[in-house]
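You will see chain A twice below: alongside chain B first, and alongside chain C after that.
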Partner chain A sequence: MMALPYLIIIPLFGVFSMPVVSLAGRKAREAWAALISGATLAVGSWVFYWVYRNGTILYTLGAKSPLGQGVDFPIRIVWEVDLFGALMVLMVTLVSFMAVVYSTGYMRHDTGLDKYYTLILILELGMLGIAITGDLFNFYVFLEIMSIASYALVAFRNDTWEGIEAGIKYMFAGSLASSLVLLGITLLYGQYGTLTMGYLAVKLSQNPTVTAKVALALFIAGLLFKSGASPVHMWLADAHPAAPSSISAMHSGLVIKIGGLYALARIAFSIYGASISRETVGWVIIIFACITLIVGNAMAVIQTDMKRLLAYSSVGQVGYILLGLGIGLAAYGSHTGEVALAGAIYHTFNHALMKALLFLIAGAVIHQLGTRNLNELSGLAKTMPKTTFAFLVGAAAIVGMPPLNGFASKWLIYESSALFNPVLGAIAIIGTAFCTAAYVRVLYTFFGRPSEKVLEAKDPEASMLWPMIILAIAIIVMGLFPWQISDRVMLPVARALEDQLAYVATLMGGG
Partner chain B sequence: MSTTDGDMGVVVRTSARATIPLIGIFGAYIVAHGHLTPGGGFQGGATIAGAGILFLLAFGLEEMKRHFNKNLYSALEGIGGLAFLGAAMLGISVAFFYNTLWHNGPFFNGNPGTLLSAGYLPIMNLAVGLKVFTGLVSAMAGLALYRRWRG
Partner chain C sequence: MKRTLAYLSLLFILGVLLYVANPDYGLKFGPGGGEWKALRYTDDYYITHGLEEVGGTNIVTDIVFDYRGYDTIGEATVLFTAIAGAVALLRPWRGDGDEHH
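This part shows the complex of A and B:
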């Protein structure tokens, strides 16, 4: 599969050439960023299609085979893209492209945009690297690329106090979380002498040690931080409102999923799958998931700041994904576990679309009105009808209304959690009740009597409107075929993730 | 050149004049011999950036502003990255990062231990050295220029 490295090469080329292209002015820079992320989307879609048709890709850097000369273990960095990774690649490239196109209109009044477009492409690059890599240290490097770009982007508007405050909070705590991951990798390397994920899985199952358990605990701690799980969600509630909205859309839609949930799933299933008690790890994740569900959704209800509400709602939705992931681990091998895992992956993809849409809308509203305070936004439906309609779609989808895509993914999680343990099902329903309350409140505001502030507002320009419309259409179309998508894509993805033997065999077979 | 507010004294400036070229040459040596001796692109680039920082400290911000061009340094940093990426792509027909210069030539495939060996490594070291030097100097200049102490 020779197209795979272009997933990294194209964004890298865009990043490195941006300072040169920027010299040609604003238009050139915007066109270049859109072109690069559009080309990445094309490659990402092709990679997904190829993996869907032909199965896992193994790509070795520097040679044809990952195995060393005369030895039977891998010595090189490998990229291994199974169906799960490929789905994440598609999600990242799609939402990033929308965010970049949106930025051309949204960021018009800011300065220092050469750095902005460089950073947004670096962010995309880091996330793609995490999704495709099969090497633990390579994973860490891409995790840091992603994290450092997001620290800088959260604090991008450095003339606002909240940007700096949120950036510092995120950076200090985030660096600590990354260093936990690095410490875990160090311990594993010291114990087993390899960094290739698939080969590490073999070594781990041959010789499970306490070191490996300590490393797993460090991974879970670091990655739960990155995914914004409660009780370490506090950075998220500050970072999302302070960042530019296109960046909030990428953070909430992508960064917390790739850097946290995807990595957690990959490490738990593909590396540790055979060498730990899946039930114990599953329950640890389930406990955090339940706390996250309740805290995130309940905090969303009481917010008056629109973007803060969306940020807490993201925390709540991460709770659902973690719940599905935890049940997928705890009930490994049963139908319930498989359905839960498929639901978690489905919800990851759906939530990326809908939360990106909602944050782009929040950005459009702020762009038009200059306020995020919900109390001042009543009656937006009159003056910004298209935006409000898109918000209606996004809010209904995130609550889980039947004709939209959020329904099927949440249904899978409810169903499996109720089958697994009715208490968990009840907690999930309580979370959704809070979530519904939060979004109904916002909608109620939008459809109220127009306040004076809202009267001069109008729908945003085309470059901001089109990403919103495309995401809304994607949500509606995905909502029309929920069970087809679930059976044809999400269940195979869940099976690919569960199948650790295939992951290892692809690596050791050399391709 | 007159001593303005914030500059160092004449002894420091004179010794800076003598040492900056030496630091620069030593850094260039580390970059160029990255594949033979300890050090490489990052270490050498950081050493050369040390020369730039010494210039900034010894001669002051006003003198630095005259010699430092933001666009040039920013573009050079990008070019350093592009050169690295280009070297990594030379062997793309086999694999990304395949060292085709070492395996097939036409240059940088001399005997191991000589300067012109190791395939794409010297190119990558130069690229990284350029990137680190321009990046660190730009960061230091940006910090030194940062508005003022009090708002």
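This part shows the complex of A and C:
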């Protein structure tokens, strides 16, 4: 699989060449950023297709095999891309490309754009690095790349007080969370002497120690922070509204999933799978999921700020994904667990599309009207019909209306949670009730009588409109084939994640 | 209330970490002999094979630039990001430039 390194090489080249290309002016900079992220999307799609057809890729950096000469343990950094990682790669490259194209119109009135495009490509690079890596310390390095780029991008509009405030809050919370993850890695290395995830899994199952349990607790704590789960979601509700909308789309759609949920799933299943009580860990995650579901969705109902509403809704949706993940762990090996895990992964992908779409729309509204106060936005349907239609699609999908993609993924989570424990099913339904209330309220505003402020508004320019249209079409098309996607892609992905033995065997077999 | 809970949890975490740092139950400090081979087998490999495989006599640079060179690219990117971020956030505010010229 020779294309895989280009997934890192192309963004890396784009990042380090951006300061030079920027000298040629605004047009060159925008074209370069779009070209780089477009090429990354092409490679990402190819990687996904290849893994879907041929199975897990193992790639060793610097040698043919990860194992050392004459020994049976890995000494080099490996990339191990199973179907789960490949799906995340596809998701990251797709939404990042949309966000970069959208930025060319949306960020036109800002200064410092050479730094902006550098940072947005670094953000994409960091997320791709996390998705493909098979090495625990390498995961930390790319987690930091992603996090530091996000801190800077949240505070990018340095002349707004909320940008700086949110950036500081996010940076303090995020750095603390990263340090917990690093402490966990340190403990594991001290105890087991290896950093490769697959080999660590072997070592862990041979000798489960209390150190490993403490490290797992630190990982869970740090990664729940990063995914914005309650009760540690407070940075998210400030950071997502304050960031430029193209960045909020990437944060809500990608960063909290790759840096939080993907990493949590990878660590829980691929590293710790055989050496812990899956049921205990599953229930810990389920408890946080239930709190997150209720708090996030309930807080979304009472917001008057459009982007804050979307941010709290993201917290609520993270709750669903965590619920699926938790049930997948607690009911490991049963059909219910597999369905729950497939639902969680499906919802991760769907939510990336929907929430990116909704944040891009919020950005278009702010761009055209200069306000994101919902009380001032009534009657937007008259003057911005295309934007409102895209919002309708996104809102219906996130609530889980049947013809759209959110339905199938939420259905899988409802079904499995009701089978696993009816109380959890009821909590999930309550969360959706709140979520529906929040979005119906927004739609009610949009379709009301036009206010004075709205009258001069019009749909945004092509570079902002097209990413929204493409995401809306993706949501509708995915909604047409919900069960085909679930059976052909999401269930195999869930099985790949559950199959720890295959993950280890790929590594130890050397490819 | 919140503050008390926070200090109590910090105390708990400290206790857990101290427990783990105790060689009787958790991490071994300064392992020697057979323990070194069992716990630091990767380091042992780097030391014995580093010179012939990489060619440098400094084992730390051998690891940082060869065996784990990809991490070093990552670290360089972190520094680049930090600089780009700091420069981006310390740029003049919109409209500031107009007042001075």
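The rule is short, and it goes like this: the second predicted complex is superposed on the first by the 511 of 511 C-alpha atoms of A that agree within 3 Å, B and C clash if a C-alpha of one lies under 4 Å from a C-alpha of the other, contacts with A are read in each partner's own complex, and residues count from 1 in each chain.
Keep in mind that, in the parts below, a residue touches a chain if its C-beta (ideal position, glycine included) is under 8 Å from a C-beta of that chain, and two chains touch if they have at least 3 such contacts.
On a predicted model such as this, the values are computed, not experimentally measured, just so you know.
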Touch count on chain A, higher of chain B and chain C: C
Touching partner for A:459 - first (chain B), second (chain C), both, neither: neither
First (chain B), second (chain C), both or neither touched by A:498: neither
Touched partner set for A:17, first chain B, second chain C, both or neither: first
Touching partner for A:238 - first (chain B), second (chain C), both, neither: neither
Contacts of A:122 with chain B and chain C, given as first, second, both or neither: second
Partner chain(s) touched by A:338 [first = chain B, second = chain C, both, neither]: neither
First, second, both or neither for A:30, with chain B first and chain C second: neither
Partner chain(s) touched by A:62 [first = chain B, second = chain C, both, neither]: both
First (chain B), second (chain C), both or neither touched by A:5: first
Shared contact residues on chain A - chain B and chain C: 12, 15-16, 61-62
Touch list for chain C against partner chain A, complex: 16-17, 19-20, 25-28, 38-43, 45-46, 49, 53, 66-71, 73-75, 77-78, 80-82, 84-95
Interface residues, chain B side, partner chain A - complex: 71, 74-75, 77-82, 85, 89, 92, 94-99
Contacting residues of chain A [partner chain C, same complex]: 12, 15-16, 61-62, 68-69, 71, 73, 75-77, 109-112, 115-116, 118-119, 122, 125, 129, 137-138, 141-142, 144-145, 148-149, 151-153, 155-156, 158-159, 167, 187, 190-195, 209-211, 214, 217
Residues of chain A defined as touching chain B within the complex: 5, 8-9, 12-13, 15-20, 22-23, 59-64, 114
